[in-house]
Each structure stands twice: as C-alpha cells, then as structure tokens.
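Quick notes on the structure that follows.
As written, the chains take the letters A, B, C and D, and residue 1 is the first residue of each chain.
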C-alpha cells in the first residue's frame, strides 16, 4: 500500500507568501508535491468558510499564510486573518479535529526556504496524524433526491393551492419584500419552471415560520414544501445566500461526517451537577459552537445552557449531558441538506438510545422541533419523552416550589416560531415568566400564534428585508414599554442582537432593548 | 447562448522548465476533457509572440470567452496574457493563470507527481475562470494642482519641485512665515554652512514663484474626496494686516509698545504684538497677535499706534478668518515635528535651572542674527567656562520615546564645536551611542573629538545644583555613569544643553484623521512601505515629506520632499488615476447597513450612508484596494470582492482539496 | 341590488349562494359568468354561474373565499343584498354533439360543470365526470354530479379513495385503458386544469378549460383579462372564458393573475382583523399547527 | 341704456390649483369663477348682432342670452336658457373643446380674446346645482305621449338623447352596462377634470325628467336590440360608446404593469383605485410610467399616473408636437404638472423582469415623412436608433375600437369598415329600422359635445319618425 500522502491547501497572500513560493521555485528549492496553493490578494481575504470547506472537501491540512505583522500590503489584513484563523481553530478544536490541521504562518517574500521548510514540516506532521477522516466521508452524492417536483406538490398539498394569496397576506417576509410570495413560489414549481424555482433566491427567503399555515384554506404545508424544494436546489448546488459565508453550515457538515470525539463540554464547571446515570438528558445543542462565531456581538449563548442546568439542578434534577451529541440538524434540513440531516439524526438517535435516555430536555426550540417532528418523519424514532425546559419547569411547578427572588421589571415575550406555531407551546414560557414575583408581562401586538418571526432562519438569506423585519419586531417590543425582551430561542437572541448592532440604526428608530433568554432570567431569579 | 462558457487552455512548456517535470502533452489532453473547455493546446513558449497569437486567434476564431494559461507565476506574466486577451477583444479579467512552473515543475522532481499536481492546478483554474466576470478599470481624471501642507524645508522642496515642473501648488503654512525649524538653525552639520544662507534663497523663490500660491498663517480645516480630486478647505487666519499693502518695512514693530517672548527665538528674545517673525520671513508682512494686541483686546479703545504709523495703510482690524476652498489632485503632508518638552523629565532640571537649555535655544544663542547676537552666555550674562551636552533626552528611552531621534548626535557635535571654537569652553558630550552615519558625519565626529571635547558614554541620571564638593558650588552637576569606566561621574559645568527627542506634532492625530491617513505607534505618519514607499501614505494621493514620517536630518528631508513631489507628479502627469478593478462591491438587497465593513476598512473605502431611507454600505472605488477584509467580515454576505468572490475561492478549494482516488 | 335567498357553506372555504336576478336567469347559458360588486366600495369580480332558475328568477353561484372581495361576499347572509350583479357574460359553452365527453372538475369548477353536463347530455353526449378534491372533507356536490353524469369518478388527494391522488393520474389511466373520449372539459383550479391538459395532450384530445383571470368590466372594454391562446391575445370576458387548454399560455395566465399580490394582501390584512373571528367560523379553520 | 362698454380683450383667468399641489391630488384642477369674476367676464360680451358663438355650438345654446342673463344677475334665467338646449351644462362647461367651437366663432376671437363661454357655462351650471330649488321651480311638466324608447348606454349621447325625448313626452329607459350611469364621463374622464358629483347631479337631472336608468344591463347579453324592439320599445337609440382598447401589438404587451388606457382610467376613475385600500380595486403605478399616444386620453392617463404617485411620467408619441391630437389646455396642464413628452419615439417591444412584470420598453426614434391618409406626416422609423428605457408601468392610449357585443347580437345592422355602425349623420338612423345610433359607436372616438350633438339630432329624428312625420326610407 502506498504511503499516505497528505493534501495541504495553502491560502497564500499575493504579496508575501505567494511570492515566497515563487522564490522557492526560482531557487529550485524542493518540497513535497502535496501542497496546492490558492492565491489571495491578502490573507485577510480568507474567510472561515474557506478553511472549513477545505477540511470538508478532504484536505488534510490548511495553511493560511501572509505577510509578517507590519508588512501587510493592506496595513492590517494579516492581523484580521490571524483573528479568523483563531476563531476557526476554536471551532475545529471543539469538533475534535487535531490542531495541526489548521495553521497560520507569516512567510515573507524572501523566505522561499522557510516556505519550503514549512511545507515539509507540515507534510511530516500530517503524515504522523494520518489521513483526514473527511476524505472518506466527504459528500460526493450528486444523485438527485428521490422526490421530484410533482411529488413535492402532492405531498405538501401545494398542488391544492388556490392562488388566493392569503399566505402572502400574512407572510412576514412578503410584508417587507413585496417580490416575495409563497403562492408565487408554488406557482413557479407547478408551472414546471424547475430550474428557475430552485435557483430563485426567494426560495431561501422563507423562514419556515408557519405563519402562512394560519391562513391557508387548503392546508398547504408551505414550509415543508420549501424544505423539499430546497433539497432539490441543494442537489443542484444552489444554496441561496448563506449568512456568515455559510461557515455555520459547513461546520454542521463537518460535524455530521466527523468520526472525532468532540470537545464540546469545555465550559462545564463543577458548579453544575450532571450525572452519567441519569435517564434525563439535557440537550446542549449548538451553543458551544455559536459563541466563537458570535463573539463580535458580545453574545454568549452558553449562558442559556448554564442557566438551564442551574434551573434543573435547583429542581433536583441532575441530567446527563452527552459529550458527543451533535447538532440536531435543523439548519441542514431547512437548507435542503438532507444528507447531513440524516447523518446527524442517525448519530443522535443512536447515542441517545445507547445511553438509555427516557426524557430529553431542550432549551433550544429548534432542537426540540427537529427531534419531535422531523426525526420520526425521516424514520429516526426515539422512545423518549421530549420537553422544552419551560414545559418541564412549568410541569414541576405544581409539585415543587421554585424559590424565586423578586425581579421588578416589565418584560415582553417573543414566541419563537419553532416553539410556538410549530409545537403549539405558548403557555408554559408565560407561566414561568409570571412565576417570578414582580415581573410584569406586556404582550406585543402580535403574540402567540400571530407572533412575528425574528427575521432569519437557518442562517440563510439574511438580507435587507430580514433586517427590517427584526427592526419591526424590536420596535413592537419597545412599544410595549418593556425593559427586557425575553425569548427562549438562542437564535432569536442572535438575530435581535445583530439588528441592534447596526450602525445604520443611528438615524432610524430606536430599537435598543435588552434581550434575554427565559432560562437565564429564571436562573438569575433563583434564590 | 450568451452565457455559454467557452474556455481555451494553453499549456506552456517553458522550454524544458515545465516540460522537464510535467508531461505537457498529457496535461493538454487532460485539460481538453474538462467541462467548458473548447480548445486545449500546449506550446513551447506561451509568452512569446507566436504563443500569444495562439490565444488571440482562438478567441477570434473559436469565440473563446475565457482563457487559462498554465505557465509560470501570474506575478510574472498575468499582465502579458491579460493584454493578449484584451487585444483580441476579450475582457482581460476573463483570464486565469495556473502556476505550474514556480509552484510545480521547479519544486518537484517526480514527473508523475508533477503532472498530477499540474492537472489539479489547471482544473482549478478552468473551474474558477468560469466564475470570472468582465471588469472595467475606471479612469478618473486628475486635478493637476497639488496641496503642500507645511512650509519647512521638506514642504518647500516639494512645492518648488512641483512648481518648477509647471504645476500649480498651494503651500499652506500655519505660522506667519514659512521656514520651519530649519530657518531657526544657526549652522548645519557637518559642513557648518549657515542655515539661513542656504534656506532663504529657497524661501524667497517660493515667495515669488508664479506657480506657488502661498497660504501662510493658514490651516487646513477639512479634506474630502479622493486621489485626483480632493476638496480642501483652508482657514486663512486673520493677520489684521493687508498682505497686499504691507511692504514689510517694520515701522509698526518699532512703534508697537506691547512686548511678548518671541516664538522664533525660543523665548530668548522678545517681539511686539505686531510683528514679522524674523528678518527673512516669507511672506515679509506683519502679523498682529490678537491675544496681545491692546487695540484688539480693548475693543479699539486703546493704542492703535500701528494704524497711525503705517504708511502703506495696511493695518486692517476688520479682517476675519477666511475659508478658502481648494481643489487639488494630490496632497503632500510636510507638517514636521515638535521637540519633546524636557521639563517632562524633571531630573534634568529644565525649567528649574536657568542654565539648562535646549539645543534649539542654543542654536538661537549661537546665531549671529539671534537675540544675543551670537554670544554664548549664561543667564546672568557670563560666558560659560564649561558645558555638558546631554544626548537622548527622551529618545531611546522606554519611559518617553523608544526610537532614536537620529539628528541629535550630530548637532550635539556641532554645538560642541561652537563651544570650543567660540568660547573655548570645556565640553562634555553625555551620550549612549554615537550615531554618525551620514555622509561626512563620522569625519565630523573625528574632527570634534580632536578639538578636545570629552565624550562620556553614559546616560545622565540627574542634573543638580546641590554641590557636594567645593568645585561643584555654583555649578550645575551632571551625574551619570560612565559605562566605559563603569563608575559614577559627577561633572560640574556652567551650562547644560539638552537634546530633546523629536516627536510628532501635537496635532498629528487630528491631522491624520482629517487626511484619513494612519499613524505609526510612534505617532509619526505611517508610510505605505517603510523601505519602498516611504513617501507614500496609505491613502492614495496623499504623500509624506520630512519629519512628519519620522525623524530626519536636512538632506533626508530634502530628498523625502522631492520624492513626495515626484510621486505627486506621477499622478498629475499621467492625468488620470486608474481604479483597482477587483474591488469590493455591495449587494443592495443583502446589506443591512451594519457598518462592520466601515469599521474594518483601513482605507476608509467602505462607508454606510443613508440612501432611499435606509442605511446601506457603499464602496468608494477610488479608495478601495480590493484586500477583501470587509467581505469576510460582512455577516450577511452583502459585501464581496470582484474577481475573488466567495464562489471563486470556494470553487478553487473544492477543486484542490480532494485527493481523487488516492 | 340582488337579494340572497339561500346561502350554504358547502365545505370550509366554499360558499354556495342563490340570489334573485330574474333577468339574468332568463338569459343565462352554460359556461357564462356574472360580474359582482359586493358593496359601494367593492371591486368588480367574475364568478361562474352554477345554475339558474328562470321561473323563480334566481341564480346559483358557488365560490371560494380567496381574498377580500369573496370574503366580503361570504360575510353576507340570507336576506342581504349584493350591490351589483351584471350578466350573463362571456360566450356560452359550445354545446354540440361530440360523442363521449370527459368532464373534469374541482372546487369552484364543480359549479359551472353541473349545468354544462346537463346541456351536453341533452345534446346526446355521454358524459363521464371525474371530480377531484383534496380530501373527503372538501368534497361536495358529488351527488349532483352523479345525478347528471353517466359515470362519476372521485379522486381524492389523500389517496383515501382508490389509487389515484391526482385527476391527471386518473385521466391517463382512463385513456390508456382504451376508453374513447372525444372532448374533455375541465373547470377548476389552474393547477388542476394544467394537469388535466398535460394528461390529455399525449392523446391529442381537445380539452376545453374555463379560465378565470382578473377582470374589471367584463364586457371587453378594458383588456385586463387578456390571455394568450395559441399565440394570440384574447379577452377572456368576450372571447372566453373557455379556450382550448392545449393552446393556453399558462405561465402568462398565472403571472398575470398574481399582478396584484401585494395589494390583495394589503386589502386582506386591513379588512381581516375585524372579521377574523367570523372568517374563522366560515372556513372552520382547523386546529392544525405544525403537522407536516 | 348703459354706455356701450369698451372693447376688453382680457379674459378673466380662471383660478387653478398650482401644478405642484395638484399633481398629487385628485381634486378639480380649475376652481371655477367667483360671482365677481363671472360678472366681469360676462360684461366683456359686446352683445353683437350676429352672434357667431351660437353657430359654433353643436347643441345651439342661445349663448348671448345666457350671458346677458348673467350680466343682469338673473341666474335662474341663465340656467333655464342653458338647460333648454343642453341637459349637461356642468359637464360641457368643463370638457367641451370650446376653443374650436363657440369660442372660436366668437367675434372677439378675431381680436384674440374671446368670451370665456365655457367657463361661464360652468359657472351657471354650478350655481344651479347649488340652488336645487330653482331647478324644481323650472321643472316643466311633461305629458307622456305613450311611446317608449330604449337608449343603450348612459354616456353623453345617451343622456342627451334621453333627456330630449323625455322632454318631448316619451317614456325613456336607458340601459347601462356598468354599475353607474355616465359612461365615459364616469370611467374615462378623471375626477380632477370632471368631478363625479357633477356628472351624477346632471344624471339626476335627466332622471328627474322621468328617464329610467337600468344599470348593470349589457345589451346584447341580457337582452338584444331585437328583443327590445319586440318587447314594447318603439325605437332604440344606440350609444354604447366605443369601448374596446387598442393595443400596440408588440412583443411583451401582456406583461403585468401594462394597462390599456381604458383599464387604467376605469380602475382609477370608476373604481376609485386612487382611494385603495378604502376602495377595493387596486392599481399599480410604478415610479416610471410610459404612456403611448398623445390624445386627451393619454393626457388623462399620464396625469392620473402622476397623481397615483409616479415619479416620472412620459408621453411617448411617434409624431411631433404639432400633430398631437390632445386639447391644448390638457397638454399644457400635463406639461405644467411635470409630464415629460418624448416625441418622435415609438416602442418596439416590452421587456419583462422574469417574474411577469414589465421592466423596460425598447424604443426607437422616428422621423416625419410625407403625409399619410389622415393628412398628417407619416412617421418613419430611424434605423439603428433603438434604445431601452426602464419603466415599471406602461399605458397604451391609442384610442379605441368599437365594442362588438351589440353588432354581433343584432340582426341587420350594417357596419363600416372600422366596425362602427353605419349611421346617417343628419338623422342618426342606422340601416335597421327603428334603430338610431350616435356617439363614438357611430363616429369612432370623438368628443363629448359632438356625441351630444349627434344625440340631439337623433332625438329630433326619432320624435319626427314616431310622430309619423317621416318614413323610414
């Protein structure tokens, strides 16, 4: 058997490292042929998703190389690159990927020998590590998904669309983007404009918020329709406009295919009591992965996780945490990446079954929804009771007293689509809120099943309109006079914070309001 | 179909340079099998004329709309092949080069491996070239006028070079006269020429030059626009003297009763409230210092002597500050430096002891035209018997400035020479290292050493008047460690001359902001490249001259000034500036106007503006360099870099990362 | 002013009305429609005639609640009056002796189909009817169609009745199994008619479809209802509403029908809050959250 | 006797809303004379012996007399004189092209300052509307003569004919296809040019003469002309208007956002789309609107588009300014309001946005050649002059064709080659016995007052025929 030859992707800055590689060539300095250089104008041009994509595509190692600090042709692009590689490394390390596989190095033009040596060293080290497991598990399936448009029309009842546009009248996206209409999407598919339909960026604008189903007279399951058509689009390599460059989606795909043991519980301290024998699982979700990515928003979604654990501990529950649970697959499913979704679902159901879990508690509505509705639909059955943390706590409140401090604040509550319209849970979060003495709950104009989505879903097509939607919702929240906007979806929080981070709002309406997760609010109030 | 991609692939043998390690025939055959490739050829030297003709003919005859050449580094021949494409009517940006020489044939010996890698590189290039979009290089006409800010030697040189080249120059000087620090100097090292003698002809040339519009006693208030087309607002401060009428006769100075310390004389002499700063001032007109003019301060009730005696009738108390708007194509900043105030370093006693003075004060003292008519004297009028010159006052000092101020060693030697020559005083040079690196500098050091100056290598710990020996009584004692001898020395002297650090102008930060340029950690203005482009700021069209970039001696300042002028001439004479084609652009439907791009852009090219009722990012095409830092930071993907879009880079990654079949 | 004498909610979202309009009833023919205006500020919109009674001077219409206007209409009760009804408009169906007829209908297309089948039968045609519904709950007038047709087939989308889920599957199989059909009439939702045409096309059977574009005056004056049939522009109100389905440019029809999406949504939203409860009752919105 | 007034050639200007204000509202542009202004204008009349004005009026109003009455301050009398010949003075005062009729033949016109007869007519009509009690007093008692006449269409011709016949004692029933009476006065002419309350008050006047108007009756559908004649009507007067739109017949014309002028004006005026969503009928007007054609309808459409929020409205016309058929005043009003005229330009195709909406139009330049059969120079396409103009709404306003519903359902009605009903100009008789025709259906698209003139002549002839004074030869 031939010796393993690692493949290395080098992102080389045009002015230093690429030139250094040229010098290595001019001087005939030999190095192993394992490297493939991609020329970029500046290392600051290398996005996190390019690095993760290289890993996903089977590269054994990635090197981002640029000018020495102070030498950047663009003043500080190399320093930006450094920050980004550090961020990616945090994530890949959490995924369990060896840190040798993602590197950053400054190589100046004259340093042809250093370039060659760097490559030699890297090849040696990677040889020791062995091939990247993503070489094998790389997604190569180009085969068309089994469902075709006609089936989708029938399955989701979209065929029975009456073209009445009631969906459009309630669709929050259509409200802000007048060129958007669920009905039109269906019509284009029905007309057989397959190519246009799957390429239509509007297809990726749907939030899957299920507002349309409130009004649809023929029960068309539009979000499901969109989900399926997106799967077709995904097969045709159409992804809409993924936010954050698609890095989060890429990480999900890596996670789905990864045989590595994750290092995802690094945040867990002794403060929180967990048990390996419990038959109650607390599903941590993506929070550990979100935090490095959303650092720029000064946001820590792990606060939610910790708060939930604190509440559970307070109620005498010491849940099990699975060190190797994976993403629920929600975003993969909703962006059409069915394969990734199925891999994740298979993994999660297997490890949960093996752990003998009887009950799973979620603090993320997306995970809850996906486990509850999508897993069974795709044939991943779990014999567990599933509960949102608010349901669990509300259920306990009858038997057990929650000792809560007074918290004299006026708050309003954002119903996350996944928890509200998808699962019909409106009461338990409110019960929980009102259990805190002193809390005054002021409802927004649109609440419960009519609640407005936070504006973005599955980190795709985060555009001008989704921003306006967020602004609109925040204004509604402000209009209640509340000091805090409470939600129980980490993504709602991310999206709201992002909207408030906008410089653009300086001249716009005042939308600044404290956004807080329900669990955090309750945990803080615990005595 | 308009959108159909037709790619031509050309494999260069580069003699045996490539063909020796890469099987070019097989590579060409392989390339022909790739999607969208309509023709694939190999040729001995693609960069030769016949090689280029292959491409041109195929574009015309086969209707190619994309071209890939696999040859040497694009840093070598990208431009060659782009031009070839262009001459055949294809947009030059629809071209991609695969580097199979420097990155393949030259660094790998195994032909099989080399061929395999070359295939990958060609495949990636073919896939990527399909994503290329035609780009246009925009030419923006350049306003041929230049603004020079600062009328010291660097600014004067720059202005003169440009003006002599036949271009209009606006020279803005904040003081009433140009001349800067150099006109304050007595002599210049190492030649000991008289500074005034070499400076005044230049100043006068500026004053009379038909192409130079001198705006003295003026300050830049606002700068907008970009290279080729800056708009500058200059505030011309009220002199209360009509520059057109004043003949510089100086009668007003004689009649004005209100005396204040002269800035030009470093406070060693006095001037009156209406003054011409020094005899050779350009423009040679009086200026009224409104803070000290009693007429102004009393609201016109008192004094008014100057009005009475001015025969030219030039006094005009109704003058107000004027804003002058200029349009220029290039800007040269020659704002100079300040000296560190040595009173910040209390142990040296400046400000406490009368006879601790700065080197610049000493310059005025030795100058024949100075307040003491060139007499070196102590405060009480005595002639000093001995003097210590302390180097590195605040320079090379972690507590103050880490850098070396470059010129102090040399002027300290000059001062030592004058002390020896004029009054035969004992001179002690207290230095850390002697740095005499210029032309004739070391020789000057030798000469001064030979004149009996005592050199003590050691950093001065303290200057004190507390005598511990009789000998020290009535003297200033310089306490230092002589590091060569390794012992503490106490040197009693009559006079201590401090060589303070050269520091950025107090308003350097403000100026940097106004001109959208950057400062270094030291506070001096940042050049684009320390070695290759020391006269160019990060902002296109704004150049640096003289000590605003870093400490310099006169010859360096002069060269720097001329270099800046040459850089400005390059733009002016070309008549237009070409914008980068591969720059950032904003997808309007995706942009939220979050402003992350604006914060991250070093070139201030991205800006969030209010447009159609919403905040949206825009890219100033003249400023953007296409580095892509903003595109990566953009959360929604609204920002992208042409020619290096996410799709293009992802395509490359997807083409190169997988190892196909082992 | 035309008085509503009978109102029935056939299935959720589908309303049947009988109104007094003696003059129209006297002249109405199969395939024709009327234009209504519900109130003083209402828009003019067409509805097919589902029947008429010359003696009693009444018209029958059935309609789906689609947008604001139909919702307003659905809010009227027996005894209330519709502001304006004008008709009968459009060319009547060409009723001739064709032989074997396959009539295909769904939802609001069931209405005009009933008088048409009757007329076709009177001319001696054999009429086989296929009706399509999403599920059992949205099935209506099965009996009526049965009573006028020679044979009636019901195709249910949930597959609960027979093996077919779409009428297209039924037609294909019906034709493939050798049944002779001389002409097909298809009335109903656009998707259904398109589907139907796709099914009959390979067999080259002339398929007449009833189009329902947006109209204003209904008398050929404004040209709003123009459709493209066989490459020619036609006005549905005077040249139609029935055309050869194989020649209809469906894409244009659909795209023209959604010209006022934004306005429809706006009007609906403005009108809807006050009437939300009532509409919910009328269309019996099921408790159906998130079942997919 | 008062001193003979000096010749005053300065017409009293009519107060108007300023262009900046009116281009964004649907209120009437011209505000009408005040009492003083009317008196002043009326006083300019030199009361000449040979009153040319009277001859210029298609309905022969006794113009000198009604002006004299205004001067005398006897408004009821002025109103009576007007109404005796013209049942729709409020309308005619606003929309008649007086400059080519009565005012052209006014003797002062030769000197350049004809009496503003139209404005005075409008003034009197408005006065009367404000004083309904006067009309009540003046109402003539009509004795029915037992004969029944059907009038098809309630536009200016139909209303005039009905009123004239009713005054003569006939039982008249008007059949109107739309849900309001008034025809083009309601659906075509915009509110800001002719307020709908004025139309309705004049319709009410006609009704007050005993005329019955049956709305929502499409003749040819609900009943044919033959059925009318069979079912008790002694005569039928056809005035259904010329209602079918003419399109450009160029590719892309069926894209959404392209309205016939008829549809555009109907939605706006009849259905009050400018009050959407208060009124249910929507209309979509983009930022850039192109109106094709340069007649009065094109002016109305372009000005409506401005009022509906368009930022730029273009009139695209293939000939030059001289050949434009629109009334001068309307053209000026449009120009004042900011409509941009793109002359010597013609479209060749519309381009869509891929989602079925119009995105742009391809235009080409024209030059004028030899005169064609209409006497106007023939526009010729300049080769290679194509260019694309971005638009989001297009309105072809190229006139109308006769609506075929009546001809196709009536036996024995002869048509002209243009599809209009062959009609004797003097009597209004058609080729079918007991059937008269007038207005656009007889002449092709023309003015309100010419239709009224034809209707008046037909009414006279109907009366003559039904009284048996003439035969149907």
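Quick note on the criterion: a residue touches a chain if its C-beta (ideal position, glycine included) is under 8 Å from a C-beta of that chain, and two chains touch if they have at least 3 such contacts.
In this text, all values refer to a predicted model and were calculated from it rather than measured experimentally.
Engineer: Using only Cα atoms to place each chain's centre, name the chain farthest from chain C.
Structural biologist: Most distant chain from chain C: B.
Engineer: Of the chains shown, whose Cα centre falls closest to the middle of all protein Cα atoms?
Structural biologist: Answer by centroid distance: A.
Engineer: Roughly how many whole angstrom separate the Cα centroids of chain B and chain D?
Structural biologist: 76
Engineer: Taking each chain's centre as the mean of its CA atoms, how far is chain C from chain D in angstrom?
Structural biologist: Centre-to-centre distance between chain C and chain D: 38 Å.
Engineer: How many angstrom between the C-alpha centroids of chain D and chain A?
Structural biologist: Roughly 64 Å separates the two chain centres.
Engineer: Need the CA-centroid distance for the pair chain B / chain C, whole Å please.
Structural biologist: Here the centre of chain C sits 79 Å away from the centre of chain B.
Engineer: Residues of chain C touching 2+ other chains?
Structural biologist: Expected reply: 251, 254, 258, 264, 266.
Engineer: Do you know which chain A residues sit against two or more other chains?
Structural biologist: 184
Engineer: Would you give the residues of chain D that are in contact with at least 2 other chains, written as numbers and ranges?
Structural biologist: 355
Engineer: Using the touch rule from the top, collect the residues of chain D that touch chain C in their complex.
Structural biologist: Residues 177-179, 215-218, 221-223, 243-245, 247, 253-254, 256-257, 259-260, 262-263, 266-267, 271-272, 275-282, 284, 355-357, 403-405 of chain D touch chain C in their complex.
Engineer: Flag every residue of chain A that touches chain B in the complex, lowest number first.
Structural biologist: The contact residues of chain A facing chain B are 2, 5, 7, 9, 14, 18-19, 21-22, 24-26, 28-33, 36-42, 44-50, 53-59, 73-77, 80, 84, 116, 135, 138, 241-246, 296, 462-465, 467-468, 498-499, 501-508.
Engineer: Under the touch definition given earlier, write down the residues of chain C that touch chain A in their complex.
Structural biologist: 12-13, 64-67, 107, 134, 138, 157, 165-166, 189-191, 194-195, 250-251, 254, 257-258, 261-262, 264-266, 268-269, 272, 283, 285-286, 288-292
Engineer: With touch defined as at the start, can you tell me which chain A residues reach chain C in the complex?
Structural biologist: Touch list, chain A to chain C: 153-154, 156-157, 159-166, 168-170, 174-175, 178, 181, 183-184, 187, 190-191, 193, 210, 213-214, 217-219, 221, 223-224, 369, 373, 377, 421-424, 449.
Engineer: State the interface residues of chain B toward chain A in the complex, per the touch definition above.
Structural biologist: Where chain B meets chain A, its residues are 73-76, 99, 101-104, 106-110, 113-114, 116-117, 120-121, 124, 518, 526, 538, 582, 588-596, 598-600, 602-603, 608, 610, 614-616, 625-629, 631-633, 635-638, 641, 644, 646, 649-650, 652-654, 656-659, 662.
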